[in-house]
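The same chain A turns up in both complexes below, where it pairs with chain B and then with chain C.
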Partner chain A sequence: MLILGEVLTAALRHSGGMPRDRVEDALGLLAGERVRTFERPISYAVSPKTYTGVDCRIVARSGAKVRGVGTLMGRACLTGGRVLQSSAVTRIEPVAGGFRQPWSHYLARLGMVEALGRPDLPGTADAHLLADRSSSMMGMGALCVRLLTGIQGSPVLDRKPPVRARRTVLRWAATIKDGAEDVKWHFAVREDGLRTVRLELGPAQIDDIVNLCEDLALHDWLLTALMSIIEQSQIGVEQPAQSVVKLRPAVDHLLHLWMPAARLDGFALSVWEGLESRPGLSRQWDASVRRVRDQMAMAAALVNNRPPERKQLFG
Partner chain B sequence: MRDGTGFSESTADTRVEKTPLSHLSVELGHFYAPDLELDEHFFIEHFRRIGVWFAAARSAAENANLRAPRISTCVLIDDYFGLPEPPVALIPKLVAAARKAGLEIDYLVRESGCANNVAGVARNPAEPETGPPGLSLAELVEARLVEDPPPNTTAARPPVSHTGWLCNGQRSPATETHEAMKRPTAWRPPAENAAVNHSIFADIELWREEADGRLWSCAMLAAVWQLLRLGLLRDNGRSVAVPHPPPPDLPDNWSALPMVLRINDRAAPFNAYRAMTVCAPLFLPIENAVRTILQQVAVDPAVLGQVSDRAKGEGISLPLEVVDRIEYLFVDTGPVRGADPG
Partner chain C sequence: MLVFAASDKGGTGRSVTSCNVVYRSALSGSDVCYLDFDFGSPTAGSIFQINDVTRGVRRGGMHSYLLEPDIQTTGEPHRIDVWTQSSRASLRQRPPGSGKLMLFPGDQDGGEFGPDKEALRRCVHLLQALDEEFDMCLIDLSAGRSYATQLVLEATADPALRGVAARWLVFHRWTRQHIPAAAGLVYGKDGILDVGVRAGHDKDELQAAIKFVRTAVVDPDSIELSGLRPAQVAWLRDCDEDLGQLAAKHQVGRRAMLGEVPLDPVLQWREQLISDNDVVARDIANNATVDAFDDLARKLAADEEWASL
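Up next, the complex of A and B:
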């Protein structure tokens, strides 16, 4: 079984905190369905699932194409009231025969795209992960952008992002093999900024895989955002007091959000354990946080131990 | 972990309420204002003709290895497009006519309940009913429409702007052009997405905006009605339009009544695994429109799963697709005027 997904991560365009009812307004993508919210161990809200119909080509790396008909699941989540993510996910299911069924057939199998014919599933996973950032499989990227911009335009937001950080895209492909005992994964950061995750694992819930990939995308974005803020603060070039002003948004809005695998368990934990040994996301995060705090401490020390001013010397 | 050791947050809940379920819900009539004015004889004749088929539906259920099938009956009163005579006169007339024809009306339902928010009806606070802040059942269903995509549609296509129309394929492009210097495009036929050889293209009006707000179409309200009968609608996980007994003194005003009235105390549950509608062939176009809509409604998978689990527990096999749970008998029910034109 092959599951494909894409996650778009950005800072919520809102300057302050968000009370729960406002979060529910912003993430209420489907009338009559609840936005689920969690307060422990970190505040987290997730929209209801929405579905979009497709009838399009599914391309394999070799260039072979089959027709795919079905629905993509789309949802959005907000972590710590600051980081907004949208996801597009679908399962590719090969079916014999080349007929398209009445649409009710596909709505009884939500979140699945039936590949009419004989799709090359490993080749499809490759094509999904290797495609340009702008040309994603089945319009997944466009769906993520539409969900995210829809929420960012919500009237309950003041459109003032507290941190300036670029959106990141993480594209993932998970192959489920009945016999597989442990989980294999590969996380890559590409030159064009696209992140890719390839997973191979035993039977698992699709929701758990989506949660894992969103968690990876969240922490990768946090790290990217923090690194970018540190870079812009020009430590060692600017006066410490100047650098500290530029570092402040990170302290105010980002540093407390680092909590890998906060709501994950099972195979997802083992993927995180692997990621911590290499590339060691938390090590890099800790080092960066220390750097920010050292700058703060130094700036404070310089203010306190300021040499007496001239007026006092000659006064 | 909900019952044992562990940690849970109620705001993270995804549970959906259960509603009692019959095996079969049989619709004995969908009456529009012009017919509702007619006298008792019209209704006796209507129910007498329907009664034959109701008996057939009952024996079909018994043949399906159900020892004691739970079957409930219902009639739908149009108080949305027209204004029928007051409940105090109409309800006793319908109930008496059905009894004279050997039928029992278990539930009487107000069609406007599908279109309007049911707020305002006196509710039992212990019995959670729908209280969508400003949302009607029709709006809840509209939110769940997932349009049938024509070939070569990716998720990049934004949802079709809400025009109030829903189709099962690709429309014929407009052939007239008023732009100067632009040649009119050649006519092309419409196409059904899942056509078998040839297309049967359907384009359904869901609603239109009128001076005093949105007017839902009969087809859209009937689609809501079928989903309601099948027990597949929820509002934020809570059940909607829970049946209530009529008040001891029937009011003069339909809007003062709950949407679903339980007329018969001993009735089997209103919601059912399957729904059967017995009606005049005149209604076939409407029911085709209803099916076109229902084929594009993505019912909450949690609700679908709950209903199919319960069916499995009773040893009943239930079609996976919602439209396949609805059956029709198009029979001569006597002279019917149906909905007024327009």
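Up next, the complex of A and C:
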């Protein structure tokens, strides 16, 4: 079985953290359905699921095409009141015969796209993962943009993002094999703010895979944003007091959000464990955070003209 | 912040000045981008010296992003990182601490177009996404009363962009023809204010967000003119004074002006970015020109310059 997904990640266009009821207003994609919120270990809100009908080409890496009809699942979530993500997901189900069914058929199978004919599933996963940022399969990218843009345009937001950063796209493909014992994964950072994740695993809940990929996308985005802030702060070139002005948004809005696998368990945890040893996301994050804190401490020390006392500043 | 660059007449120096202002902002550490909305003649690629894009890209530029609904839009038109893609060596060394400098080029065979609901929706989405990423997005519009101008006025009136600072620069040369023309573009029938109010803007707020920029201005007191005879200088000074009165009469006077760029020999010769190297090491461009660009970049970002009266 093949499941394809895409995650779009951005800073919420709002200057501070959002009070809970406002978050619910912003994420309420569907009238009547509730936004689910969690406060621990980090505040997290997730919208109800929405479904979008598609009737499109499913293209394999070889160029072979089949027609796909069904629905994409879409949802949005907000972490720490600051990082906004939207996801599009669908399961590709090959069906024999080449006829499109009435919509009621697809509405009874939400979150699934039927591939009419004989699709090349591995080739489809490749095409999905290898495409460049602007060409997304089955309109998944467009769905993510639509969901995210809708929320970013919500009148409850003050339109003042605390950090400027490019939206990143994480595309993923999960192949489920009944007999598979452990998870195989591959995470790649491509140019143009695009990341890909390839997963191979035993039977699993789609929601758990979505949670994992959103969590990866979130932390990758945080790391990317922090590194770009550090780069522009010119540590070591500018006076510490100058650098600190540029580093401040990171301290105020990003540093506390790093909490890998906060809401994950099972196979998702083991993927994170693997990621921690290589490429070592947390190691890179920790090193970056240390640079920021050292710089802040040094600036404070120069102002007060006494040795840095980390405790007082960041106790 | 969104900045719209407009002019009534063509060839006023709108694109060259805008590119240089964006460049100076990036040098000072802001993340900036330049959107070529001059669908008829997208020249920004040539000013930033991007090979193969001197007259726009073949596909995926601003025009096709807005107008080709069959492109599966992912909210991201073609972008070019000027720091890495420029053929100019002095640009390719991105100075430490500088911000992003991104070009969103036009299409080679763009052309003007008429009102289009889908284009408006896409325009709103694009500006929203770029405002998330950049401190300043400068949008270079076609000369005159173009649909591009109407499009962005409608886009900025959209609730999704409310709260995002939007500022207008209207470029004009310092001549008897250009001053009333620039005034007409702002205050005249079907001008920016007219169209803006129809799109849902508050007239006073919009007017406070529009400032004029004088380009290729000859300063009678500049050292370049030191070879002139006293009578000639006196005559130039009279002309300048006349123009000042004309400008004031048309509401294009000092109060409505953000800055002015002197006539520069390098720019007169070709459209390009002026690097510090051109001024200091090569001594071909004038320091005053770079100062003027810096001044515009600074004032653009300074809220107090834009406080409504």
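Structural remarks
To be clear about the criterion, the second predicted complex is superposed on the first by the 305 of 315 C-alpha atoms of A that agree within 3 Å, B and C clash if a C-alpha of one lies under 4 Å from a C-alpha of the other, contacts with A are read in each partner's own complex, and residues count from 1 in each chain.
To be clear about the criterion, contacts are C-beta pairs under 8 Å (C-beta built on N, C-alpha and C of every residue); 3 or more make two chains touch, one makes a residue touch a chain.
What you see is a predicted model; the values in this text were computed from it and never measured.
In the superposition on chain A, contact of A:Arg166 is made with chain C only, not with chain B. When the two structures are aligned on the shared chain, A:Ala142 is found in touch with chain B and with chain C. When chain A is checked against chain B and against chain C, the one touching more of its residues turns out to be B.
In the superposed model, A:Ala88 makes contact with chain B only, not with chain C. In the superposed pair of complexes, A:Phe38 makes contact with chain B only, with no contact to chain C. By the touch criterion stated above, A:Ala10 is placed in contact with chain C alone, chain B being left untouched.
Of the two partner chains, neither chain B nor chain C is touched by A:Ala241.
Of the two partner chains placed by the overlay, neither chain B nor chain C lies in contact with A:Ala301. Of the two partner chains placed around the shared chain by superposition, chain B is the only one that A:Val54 touches, whereas chain C remains out of contact. Of the two partner chains placed by superposition, only chain B is touched by A:Arg100; chain C is not.
Residue overlap on chain A between its contacts with chain B in one complex and with chain C in the other: 139, 142.
Only residues 20, 30-34, 36-40, 51-57, 67, 69, 71-72, 74, 88, 100-105, 107-110, 138-140, 142-143, 146 of chain A touch chain B when the two sit together in their complex. Interface residues of chain B, counted against chain A in their complex, comprise 7, 9, 11-14, 132, 135, 139-140, 142-144, 146-159, 168, 193-194, 234-237, 294-301, 304, 320-324.
On chain C, the positions that touch chain A within their shared complex are 29, 31, 60, 72-78, 96-99, 124-125, 128-129, 131-135, 158-164. Every residue of chain A that touches chain C in the complex is listed here, in rising order: 10-11, 13, 133-136, 139, 141-142, 144-145, 149, 152-153, 155, 157-161, 164-167, 169, 232-234, 237-238, 246.
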